[in-house]
Every structure is written in structure tokens, then in C-alpha cells.
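Lettered A, B and C in written order, each chain numbered from 1.
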Amino acid sequence: MRWRGLVLHGLLAIAGILCLFPFYWTLVMATNSTSDIYRFPPKFTFGSQFDDNVRAVLENVAFFQSMGNTLVVAVSTTALVLFFDSLAAFTFAKFRFPGRNVLFVILLATMLLPAQLGAVPQFQTMAAFGWVGSLKALIIPAAANAFGIFWLRQYFQNSIHDELVEAATLDGCGFLGVYRHVALPSARPALAFLGIFTFVASWNDYFWPLIVLTNPDHLTLQVALSSLNRSHGVDYSMVMTGALMAMVPLIIVFTIFARQFIKGATEGAIRG
Amino acid sequence: MTLTAAAPPKQAPRTANAGRRRSIWSYWRFYLALSPFYLIFLVFGLYPVASTILLAFQKWDGLGPRTMVGFQNFGFLIEDSTFWLALWNTIVLFFMSTMPTLAIAMALAVMLHSAVRLKGVYRIAYFIPNITSLVAAAIFFAAVFSTNFGLINAALRGLGLPTEDWLGEPWGIKIAISTMIVWQWTGYNTIIYLAGLQAIPTEQYEAAKMDGAGPLRTFFSITLPQLRPVVLFTVIMSTIGGLQTFTEPQVMVGNNGGTGQSGMTVVMYFYNQAFFNNDYGYAGAIALSIFVLVLLFTAINWKLLGGRGRS
Amino acid sequence: MELSRRTLLAGGFAAMLGGTVVGCSSSMDTGSTKKNAGGNIALWCWPGGLGKSVLDDTIAHFPDQHIKYSEIGGDFKQKLLTTFNGGTSIPDITGVKGEDIASLLPQATNRFVDLKTIGADSILGDYLEWKVKQATTLDGKVIGIPIDIGPTALFYREDIFTAGGLPGDPAKVAEQLKTWDDFLAAGLELRKANPKAPIVADAVDLYGTIISQGTSRYIDKDNKFVGDQDHIRKAWDIAVKAITTKVDGKTLGGSPDWNAGLDQGTVPTVTGAAWVALDIKAACKTSVGKWRVAPTPSGPANFGGSFLTITKSAADPAAALEVIKYMLSADNQAKAFADAQIFPSAPAAYDKPQLKAADPFFGGQVPIEVFGPAAKSIPIAYEAPLDGAVAVPFSDGLKLVQAGKKTSDAAWAEAVSKAKQIGKRQGVQ
């Protein structure tokens, strides 16, 4: 048994190291200078250039302003997604109404449409709305998604007993009341997962913001950082430092909510 | 878990499904609750993709007038060897990245499920690749696979094995790209599988143990069948993502896909035709083909894994 | 239930159709000349495209114009095109990259102001003629004033050349490496002394340079495909010779191997535009002072170099032109060079002190002595809008030869047929 545990943890640890190694290397590069990146044998120890690199990033991009913008986008997108998706998922999971199955099949089918393909007309739509350059162009299109509704519907179906919904209705709760008092409290772990997923995706989104954000005061972090990646004479340590600085809030958010997610998932398992 | 949409709920609450026939308007709350998604999808999803596909029947350079050309773009597409190559690359890359990702993720999830300590630490470690910036990851992997100064070749040299010109060889390029995708998505799938594993009632395992089933038999006779809906979910999500691979090859081997265009995927080809050659009509035809491809693969997955998936 | 489904689908279809009509009509309106509001000038460029001090100075110099500068990251051309299509927030003045200008020329009349109609004639002569020609349509409209150019030179490691029995002094290198044949012969000699230092970094890159040294490319002025002719095949054969004589390092420019090799001597030469000096300097730590610059074998070529253009949306094109004139004067170009190695497109700038400075990175050599004459003798070649797309199969073919996957002749035949097919799609004969 002891040996089995050791082997198990050995394998898990190797996988963990492989996952963390590029992250560690980013740290190494952010504390060294660009020419150190291309040394052979490669350098694996921390250097002393971190302050210089951070200063270079702050000189070249409006880092904190962009981070503020990204925060606005990521928080509002996540809040809207959690609200709209859970409401729709709960409706799909626990109520019957005409057209329900058709609507759900349509929902599943929407996941098959590759979004990048519509970039050009989507930009024209934004221009027609007058949203080009505004953060609205990032938040509104992302405010509800099929993936989240699908994910939460599974959860609601398994974790909420129909009797509970009935009881709440008999107690005089309206539709919104049942949603608030029955659905939301029991869905916390699933919401935590969806929240993290949405927040990360929104934070790291690059393709669409790059197209639609034109106002230099309204850039998100990833777009602002992309200007560090000039076509010539790229200072890679600075790019890596910028990438690292942009990751810090994500790691914080993830660490906080991962706990919630772990706890919730276990609770859900016991109850289910 | 139920994945088939057509399956009616076993016991829908009577309150919401009263016996008498109700007017459609009495359901307004439900439609209102669903409306945000469908509205957003119509305006920002369906319309843009539909008009891209409409372009498939037109000729447009992105700025000048549009002219209808019927099926001409599809004629070009059939003759275009680069398109078929891109299609082949996409499918090969999809298998090379999705299969290891899901297999490793499943193995890790099962191990993690049986490990008692440090679960939280591992979980965070495994999720880190998913939140690492793609730019940083791309620079890292390009360095790992580089010919003279790369880590992999350094290791091969250390073991006395012949080195490889990874990013200059058609297969090397595919291996490098899929490695990066596996790295980025394994942890994410591990966590999903783990959540699925934790939902399996422990009594089932105890019963199997009483029957004297070994770990392997338990895995195949209890764990896997119970996880079927979760597996289907990850397979479908990986299919949709994998067939749309774009960023990883683009940042690793450039817009043209490297030697023998071995890293050129269909979405990259779409992107090149639209934004570099300004041949939006042709790009629209490629877009349509991507849609058909995704549809086809999803249908295959559904058939293979769906079937008995209803709980 | 049936009713609701049908209503929903019909409603969706109507919305979609409505959207489509709107989308079409806005983009059909190609001659969109909706003017921006007056009193402001919106200026777009990419990161590092304009010297920072020159930009600040220009904004301060025209207080009444309220110049609003936007630095556009990512794919600049894509963003410009989508903005044109969107029809709002189109800049008054925008940068256009050298590699994009050819494909935008067909749109000259719709989207850009012909600078000759607003009095640019008097200053066009201040800029290199071949460069202005790149922004000139076949019927003589000029849509851009050149910001900078990218004349090529041979950057090489003096220490590795002398250790390998080659001359080290730039004048002597120029003397001995007159043509690509000389260059490949020198490569053989160097290989004998130092097998780890192939003289050609990447044969595919070399091929691109040779093409740019010529006076005709893949498609001629009559929109005829000429990529199967001798001038292309000669360039191809030189590149293949580099591969077969094993003086090709197969090291892609900009890759980690290339960057590391520059400093460690496994990439002893770079044939590249003036701005490549920035990349070399960024990658080198131990080899500072060991690099030199010599003229490109077989004559100079040009890579990149961009333009400032005025869009049809500009509220006051004449005022915009004044801003451009000021920003791209010889004095300001010299400043931009000192700022960010933006190589001047106005020859008068080459005599300014900023360009005459000796560079310790190049062992105290004065690089302008090589780049100046090169800039003035760049060959003029017609570049068709589709040239870039048609060139791709050729470089891909060479990559396969380089990787040993195809013979030269087989790869050539395939490249020609693929290139023809791409051309055919766009109406090239």
C-alpha cells in the first residue's frame, strides 16, 4: 500500500512539474535579460533583472489602466454569464413549456458554429451599433453562452429534486423565487466552475479584442501587451514579464475559487 | 446525467405542467428567462457566420463591390490541393492532440481521485497551463523544440540518440503543435473528469470490492460507464475546439504552417485567404467546409459515445 | 407548440435576413466618403512605426489640429480593412506597411486621397523615387508618403570570417563577395575551417532576397503570371545550390535557434534590411563589436518600409498633408532614426549627424556608408496585388527541398502549378 501511494504521488507530481515548468520558465525569463533566453545551455535560475523588466513594461504600456479595463470586462462578463446561463439552465432543467426540446437542440447546435469565422460581419454589426472601440463590444456578445447553459442544466437535473421545486412553489415562491431560493444555493460548485472558466476566457481573450478595440484608452491587457511584441528587436524578457504580470490576478482568482469548487463538488457528490 | 436533449424529464413538476391546456402566453416567464442567450446568439453568432457563408457565393476583396459568382468558389476549393492538405492536417492534429489529452486526463483524474493528500495543490498545478498566456507558452515551446538549442534535442543528445530538426520537419511540426495543445488542455479535462468521478456513489465501488474486482476491472465496469456522459461532453468540446485549431500553429510555425505547410489548419487557411489575400468569397467557402466538418465529427462522436448515455 | 416553434424560426429568419440586408448595403457602399468631424486629426500607426520624440513634437507643433494618435497592435492591415468596412472611426491619416501597399493600390480611388491632387507634387522629389513608386497606381495616383525604407546589407561576424580564412574588413569583404556565387564559394571555404558556421542562415530566406534584387517578380503589369520564367528559376537554383553544397544552416530568421546562433557564431551572416540590426542587437550579448556590415552580394534589395496615407474620410486633407510633411521631413526622419532605427526615406537625411554616427556594435563602423548607397540604387520592380500570395508556393517548395523531402525539379513543378492556380482564382492569366 505504501509503495502504491509513493508511485501514485510520484506520477501525479511529475505531471504537476510538467504543467508548472513553462510557468517557472516564464518566471526565470522575467528575471533575466533577453539574450539570456537564448543562452546555451539554457538558464534555469532566477536573475536580477526583474525590476528593470517591470519598469520597461510600465513605461511601454498603460498597464494598470488596461488591467482596470480587463477587470471591468471580465467581472461584468462573468456576472452576466452566471446570471443568464443559470436562469436559462434552470428553466430547461426543471420546467416544461412548448418548444423546450427544439430550443435545446438549437442551443446545442450553436456550439458547433466556429466563432472566428464571423469576425468580419461581426465587426460590421459592432460598427452599426456604434460600439467599436468600446468595452461593450466585448461584454455584450459574451453575456450568455451555450456551454454554460448546457453545463449548468446537467447540474440542476442531477442535484435538485423535483419535489424541492414543488415544495417551494407550494410555499408561494414565484418562478424567480424558486430560482433564488432553490436553484442558486445548490448550484454553487457548478457556478464556481463556470465562473472561473468564463473569467479566465474573458481575461485571456485576444483574437476579438484585437479586432474591435481601437481606442487606446480602452485596451484590455492582452491587447496592450501585444504592442510589446513589436515586429523587430523584441525584448522577450519584457514580453514575458508583461505576460506574468497579467497572470497574477488570474492565479489569485483561481486559488480563491478553486477551494470553493473543490468543497462544492464534494458536497454535490454526497448529496447526489 | 442526461445528455440527450430529446429525452423528456422523468418527472417534471406537476405545478409547471398542469393538466389543462394553457395559452402559450402563460409560459412567458420561461421564454423571457431563455431569451438573453437566443438574442445574443442571433445578433452576434448566427448573423455574422451566416453572412460569412453567404460570401461563399460571392467574390469580394474586402473593400470593393461584391459580385455573385455562384458555386465558382467551391469549384476552386475542390481543385485546391492546399485546402485538402489543410483539412488533412486539421484531422491529424485533432487526433494527435485530443487522444493523449483525454487519456492522460482520465489517468490523472483516477489517480487524483484515489490520492488523499495534496489534492488541492495538484488541482491548481494542473490548471495553471490553462491560464498561462499563449504568447508565453508559444515562446516556451518554440524554444523547447528548437534544433540546436532546444531542450528536447539536448536531452536526446544526452542519451546518445540522434537529434531531430523538429520545427523544420513535417511530422516534427505536428508533434510540437500537439504537444503544446496537450499541455494546455490536459489539466482542464482532468478537473472535469475528477468532478465526474466524485459524483459516482461510493457504494458501487464497495460492492465491486466485495466481489473481488481488481482496480482495472472496477475502472472498466463501473467508473467508465458512469462517466460516459462526462466523457462524451469532453470529447465533443475537444472536437469542436480541436477542429478549430488556429492560434497554436500560427504562433509556433507562422501563418503558412512551416515546412510542407504541415502545420496549416483549415481555420488558418480561412484566415490567410480572408485577411492576407483578401479573398473573402473563397474564405467563406472554406468557412462553410469547416462547419460541415465540425458537424460531421460531432455526429460521429454522438453515435459512438451517445447511444446508451441516458441515466 | 407548433405555432411557437414556427414563429420563433420565422422571427429568427427575418432577423437574420434583415441583418444581411443591412450588412450588404453598408459594404456595397464602397465609395464611402463620409467625412470625419473637423478640428481633429486621427492618426493610426503600429507600435514602433513612428519615432516617439518626432510624434510628440509633431503633436505639439500643430496644437490647432488636435492630433489624436492611436497605436494599433496586432494585424494592422486587417484592422484597417475592417474599420473601412465598418464605416465609422476611420482615421484621417493612417500608416500602411510596405508589404500591404501593393494589395491596397486597387482601392486607391475609393479609400485614399490622391496626394497629387492636394499639392504633394512639390515634396515627392524629396523621397527616393523607387519608394514613392510603390505607392503609385498604374495610372499615376500617389496615395502615400514613405515613412522609411528597408535597404539590405550583409551583416557578418568579423571574428568568424577571419578565423575561417575569409577577409574581415568590410571593404575587402565587399571586394571578394561581389555575387551570390562568390558568397557560396566563400561558404565552402568557411565550412572547411568551421563546419558549425554555415554562411547561409536559411536558403529560403536567401531566395526571397534574390527575388527582391530583381526588376520583375511573379506577375507582370499586364496581370500575366511570369513566375515560371528564368528570373525566378535562377533565384531558385542559387538557393538550391546553397542547400546541396551544405552551406545552408536551415535556421529560420527570428526562431530561437537563429537568435541564439547570432550570439554564439552558428549564424555568422544575416542578409537583411537595415532594421534587422535591431534584432541582431537584441539577441547579442557576448558578440558586441564583432559584427560588421558590407554591401549585399549581387546588389541591394529592399524589405519593408512603410507609408503615411490620407483616407477619403479625412475632414481636411490639406491640413493632414501638412502634418505628414512636417513629420516626415529630413530632419525629423533623422531623429526617428536615432530614436528607433527607422531608416529614412528622404536621402537628405543621410547627411545628418544622427546617421553619420559610428556604431560600436559594428566595431565603430559607420553603417550609413553601406546603407546610403544601397538605398539609392534599389531596383524598381512592379509588385502586383497578388504577388505575396503567389510567392508562397515557391518558398514552401524550397522548404521541402531543404528538408530533403523533394527534389528541386519536382518541388519547382509543383510550386509553379500551385502558384498558377492561386493566380487563376483571382483572374491572373
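Keep this in mind: a contact is a pair of C-beta atoms (placed from the backbone, for glycine too) under 8 Å apart; a residue touches a chain by one contact, two chains touch by 3 or more.
Just so we're clear, the structure is a prediction, and the values are computed from it rather than from any experiment.
Enquirer: What are the two chains with the most C-beta pairs touching?
Expert: A-B
Enquirer: Please identify which chain has its centre, taken as the mean of its CA atoms, farthest from the centre of chain A.
Expert: C
Enquirer: Could you give the separation in Å between the centres of chain A and chain B, each centre being the mean of its C-alpha atoms?
Expert: 16
Enquirer: Could you give the separation in Å between the centres of chain B and chain C, each centre being the mean of its C-alpha atoms?
Expert: So the centroids are 36 Å from each other.
Enquirer: If a residue has to touch 2 or more other chains to count, which residues of chain A qualify?
Expert: 37-38, 40, 98, 103, 119-121, 125, 226, 229, in rising order.
Enquirer: When you check chain C against every other chain, which residues touch at least two of them?
Expert: Each of 4, 19, 23, 27, 75, 78, 85, 256, 260 in chain C touches at least two other chains.
Enquirer: Can you pull out the residues of chain B that are in contact with at least two other chains?
Expert: 24, 38, 43, 46-47, 51, 62, 143, 148-149
Enquirer: Would you tell me which residues of chain C are touching chain B in their complex?
Expert: Residues 3-4, 12, 15-16, 19-20, 23-24, 27-28, 30, 75, 77-78, 81, 84-85, 103, 106-107, 110-111, 250-252, 255-257, 260-261, 266, 386, 388-389, 392, 395-396, 399-400, 402-403, 405, 418, 421-422, 425-426.
Enquirer: Under the definition above, what is the set of chain B residues touching chain C in their complex?
Expert: 24, 38, 42-43, 46-47, 50-51, 54, 60-66, 76, 79-82, 142-143, 146-150, 165, 167-170, 256, 258-261, 275-279, 282
Enquirer: Considering only the defined contacts, which chain A positions touch chain C in the complex?
Expert: It comes out as residues 33-40, 98-99, 102-103, 119-121, 123-128, 130, 132-133, 210-211, 214-216, 219, 223-224, 226-235.
Enquirer: Please name which positions on chain C make contact with chain A in the complex.
Expert: It comes out as residues 1, 4-5, 8, 19, 22-23, 26-27, 46-48, 69-75, 78-79, 82-83, 85-89, 256, 259-260, 263-264, 275-276, 278-279, 281-285, 341.
Enquirer: Which residues, counting only chain B, touch chain A once they are in their complex?
Expert: Chain B residues touching chain A: 1-3, 5-6, 8-9, 11-17, 24, 27, 29-31, 33-34, 36-38, 40-41, 43-49, 51-52, 62, 104, 108, 111-112, 114-115, 117-137, 139-141, 143, 148-149, 151, 154, 183, 186-187, 191, 194-195, 198-201, 229, 233, 236-237, 240, 243-244, 246-247, 267, 270-271, 274, 280, 287, 290-291, 294-295, 298.
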